[in-house]
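Note that the chains are named A, B, C and D in the order they appear, and that numbering of residues resets to 1 at the start of each chain.
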C-alpha cells in the first residue's frame, strides 16, 4: 500500500570549490563548500522509477563549478543567489532551491624580511594560510518569487576570564550547583542572521562581505563587553547588538554551548585556587539557544 | 534599544549515563547520551539578569542521573518521557521540555570454549563489546498536555552491489553524467519516525525496544529488496515499508547520502573493469531527503 | 647552507578501494583504505628539483586500483605484500615500501522472510551492512629482501561491568583517588601483532583471514575472562593469550585507553548508588600501552 | 605460559588545563592538553596484580593541576620539563617520563570603539578568541639524567596558488598523471623539531615561546618563497630554513599531505579553465615526510 510522499529535496552536498582570481602577481582566493537541495514536481521520481523530472545531483555539482568560472565568486551569498535562481528559473520541474555555503577564510602569509624581491610589498601575493577555526555560513532559498538569505558563522570560540556570575536560580531536590560570583564564561558561537533582502526586482543587494565582517565584530564586542549574569543574558545582548547596528539584518539566532571551565579543587594538595587553574570539560555542556528579532518581523530561522 | 526575544531553550546537552542492572552474574547495560532543552517563562533570564525562573543546566544533568537510579532505564523513549514530564510538571516556569537521547548498543562477548566455568552459559554475563557504528536516537517533547515521540537511528551504513540503475534524467548544458544500468548503491541511513502515541491518560506505551528492532529490520529489508532506479525511489520504499508494517508509526523521514562508488577507469592499464573495482568517494555526495506519512496525518518531523 | 636529508618517504595515502567479486547472485566485498610510503634513492627529488627518480603518488594510487583487478583482494595482508614487492622490485630507485591497509567489514543483510524469492537462502547476496566501529589494520614492509607483516585492529570497544579492582598503589602528596574493589573496566582496544612470516622463497603465507579472526577472539576472551587488578594486568593477559594460542604471531602491542566510568554521587538526592549509575567520561583518560613478545624475539612494533 | 613483557608505559592522557594569570584587569591565558606516559620498574603491575609500584594515572592528572598553580605555565616546554623531572626524581619506581603537550592559542578580542571605558586601551583584558586551527605541540622526555625536547605544530594549513610545477617523473605502466607547469600547492603542516638542549646542570633553557614563533615564521616563509618542483623540495627547503636560522634546533621532521586541488574540466560546458576553478579533494592525498638535520647530529624524531 502506498502512503503519502511529504516534503522532499535532493541535490549534491559539499561540493568543494576553490576560485582563484589572478591580478598580476596578487591572487585572490575564495574557498567554498556548496550544498544544493532542490524540490519541485518530483513525485514520479519517488513513486514510479521515472527520472524524467530529475536534474542529477552530478549536474548540480557541475553547475557550481561552471558558475564559479562564468560569474566568479564575489561572496557566498551572491554566488548562492545566482545558483538558486538558475536551478528554479531554468529547470521546469524544480520549484525551490536551497543553497548552503560554508566559506573558509585564508590570510596572506606575511614575509616582511624577504618580500621586496617578490612584489615590492610586505606580502607574497600567492601564498596563504588558513585563518581560524571559524567558518562563515550562508543559506539561500529561492522559490521562484523571492529570495531569503540567512548568513552566519560557526566554531567561533570565545572566552571571558571574568565578569560572569551565576546565582539566584531555582533550587530543587536535584540541585547541587554552588552559586558563582566570578566564573569563566566560554562558548563556541554558532550564529545565523536573516537579511531583510528579498531579491525583488531593482532591490540592491547588501554588501555581503562588509555586512559579515560587521556582524561578526558586533557579536564579539557584545560578548566581550557584557557583564554576564547568565549565558542567556549574554545571548540576548549579542543578538540585540547586531540588530541595533545592522539595519540589513532583522533576526538573529544564536546557539551557545556553555563550555564549562571548572575550578580545580587544590585544597587536598594544600594549595589555594584563586581563580587560576581550571579544568576545561568536554561533556556534558550547557546549551543555550535563542532568537532575537525586530518587532513586527516574523522569525523564520529554524530551531536546530 | 531592546528587540524581541523569540523562541529560546536551554538545558544540559550530552549527559553520558551508563546504567547497569545486575541480575546475579548476568548484567544488563543501557548506555545513553541525554540532552535536555527547556522552554517557558524565561524572558527575565535573558533581559534582566534575574535567574529566579532558571532551573540550572547542572540540575537537569543531576536529574538524569537520579532518574536512572530511581526509575531505571527500560528504553530511551520511556526514560525521556519520564524526564520531560518531570521538568514541566514539577517546575513552574518550565512549560516545554525536549529530551534527545542517543543510545549505544552493546553485545555480550561470546566465549564458547571457556564460559562454563563462569555461569554455565556460552556468554560471560558482565562482558560486553560495542556493536556497530549505528546509533539509536529518540526525541521526546512534552508541553504539559501531550507527548510527542520521534525515534530513529543514524550511521547505519548499507550497500547494494547491484540492482541499482540511474538513467532517463534531465540533460542540460551542465550535464556530463553517463547513464548507469548497474551501479553500486550505498548510503548511511539517518531515519526518524514519529509515533501516534500522545501520552494521554490510560494510553498504553508501545513496546519501544521491540518497535525499534522491527523498524530497523524493515528499513534494512526494504533497502535490500528494492530494485532501484533512483535513491529517491529506494527512500520512498523504505518509508512505505515501515508504515505498512508498524501501526504505531505514522510518519517516517529519511536522509540518505548517496555515498558514491565510482568505477575506476582501468583501460589505460589495458584492463577491463567489469563492475569489480570501485573508488569510494568522500565528497561531494548526493543527499536525498524525504518524508513518507500516513494519509490524513500532518507530518511534523522537521527538515534537517 | 644545505643540511642533511634524513629518513624520508612518500606515497599516496588513503586510497579507498572497494572490490566486488560476483559469484552469480552472491557477491563478495572487500573494502580497503590503502596508504603507500616509498623510500629509496630520492635525494635529488629533495635537493635539486629533479623528479627523475620519483614515481608519482598518483601512480601508486593507480597501481592499487589495477592490482585490485589483476590479482583480486584475498586479504589485506596478501594484497599489501603484492603491492610492496611490486614497488621495490619493479622501480629501480625505490628500495623500501611500506603499505598500510585499513579494512572495513561488511555483513550480509539477513532477510529471513523474503529471501526465498531471491536466491533460495536466508540472505540477499548483494546487500550489505557495515559491521561495528572496529577496523582491521595491517602494515606490510618490504625492503627488497624480506617482508614484515604487522596486523591489528582498532576501535574495538569493550567493557566489563564487574571483576575489576584497583588498590594498593603508591600514595603521594597529589593522591586523591579512592581505592576501588568493584569498578567498571572499559577500553577501546588498539592492537598490533607481528607475524613470524618473512616472505622467504617457498615460505607459506599464513591464512591471514583466519588468523585475524582468531587473534580477535583471543583478545576478547582474555579481556572478558581476566579478573583484573589493573588495566596493565589485563593488557598483559591479552597479549599473553594471543601468543599462547597463535604460533604465527611472535609479538603483540596493545594500547588501551582506560575509558573511565565514574560512579555518580547520588547521596545529595537521598539515593544510594549501588554500582548502578555511571558517568562515562571523555577526557582525561588513562592510557596503558605495552608489548608482550616471545622469548628470544626482538620486538619491533614501534611505540605510538 | 607467560611470555616477555616488553616496552610499556602508562599515565593520564589529555588532561585539559587552563591557567589564568591576572595582572589587574589584564589577564593572561595558557590553554593546554597534557598527556603523561611513565615507564620504570613496573613488571609486577603487569604480572602479579600488585600495584605497589604504580603511581595512579589519577595522581598524574592531579599533579598537572597542582603544578599549574605552584609553578605557573610559562611555556609548554618549561611546564613539561618540570612535570617530567618530578615524576622520575620523586617516584622511586618511575625511571622515565614522557610529557606531551598541545597548546591552543587565544588572541585578545579587539574592541577599538568601546574599550576606553574598560581599561584605557584598545583591548578588553579578559576577553579572548581562539586563534587558528593550528595547534602548538611539545614532547618532553626525561630519563633521570637528560632531557629531550621536541616541539612542533600541527594543522597549519597553507597554500601557494602558483609557483609550483611537477614533471619529469618516472613513467610506468600505471602512469596517467599529466605533467603540471603551474599548479596549486596546498598542505597541512605537521612539524616537529628537536632542540639541542639536554637539561644539564647550569644549561640555560631556550626562550621557548620566542623560538616557537620564529620557527613557525621560518616554516611559513620558506613555504611561501620556495619555487617548487615537488613537495619534497619544498619540505627540504622548509627544514633547511629552520636549521639555518635557529641555532637551538638541530633536527626538523615534516609531514606534508599534498592536499590536491584539481583543475575542473570545464570544456564540456564550453568554458576555458585558466587556472581559476579547482576541486579541493579529500582523499586520497599524497603524503610527503622527511627529516632534515645538522651534520653530525643523529636524528631521533620517530617516523609517524
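Going forward, a contact is a pair of C-beta atoms (placed from the backbone, for glycine too) under 8 Å apart; a residue touches a chain by one contact, two chains touch by 3 or more.
The structure displayed is predicted, hence computed values, not measured ones.
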Consider the two chain pairs B-D and C-D; indicate the one with the greater count of contacting C-beta pairs. C-D
Can we say the copies subunit A and subunit B touch using the same residue numbers, with more than half in common, or are the two sides different? same
Degrees of rotation, nearest 5, to put the Cα trace of subunit B on subunit C? 180
Could you grab the centroid distance between subunit B and subunit C? Build each centroid from C-alpha atoms only and quote it in angstrom. 29
With centres defined as the mean C-alpha position, give me the subunit C-subunit D separation in Å. 25
What is the distance in Å between the mean C-alpha positions of subunit B and subunit D? 38
Mark out which residues of subunit B touch at least two other chains, giving numbers and ranges. 16, 62, 66, 173-174, 176, 268-269, 282-283
Can you name the residues of subunit D that touch subunit C in the complex? 1-16, 35, 37, 42, 45-47, 49-59, 61-63, 66, 90-91, 93, 166-170, 172-177, 229-233, 235-236, 239-240, 243-244, 251, 253, 257-258, 283-295, 299, 302-303
The subunit C residues in contact with subunit B across the complex are 16-22, 27, 29, 31, 62, 65-66, 68-70, 106, 109, 111, 113-114, 118, 124, 126-133, 156-163, 184, 220-221, 223-225, 261, 264, 266, 268-269, 271, 273, 275-282
Could you pull out which subunit D residues touch subunit B in their complex? 173-174, 176, 268-270, 282-283
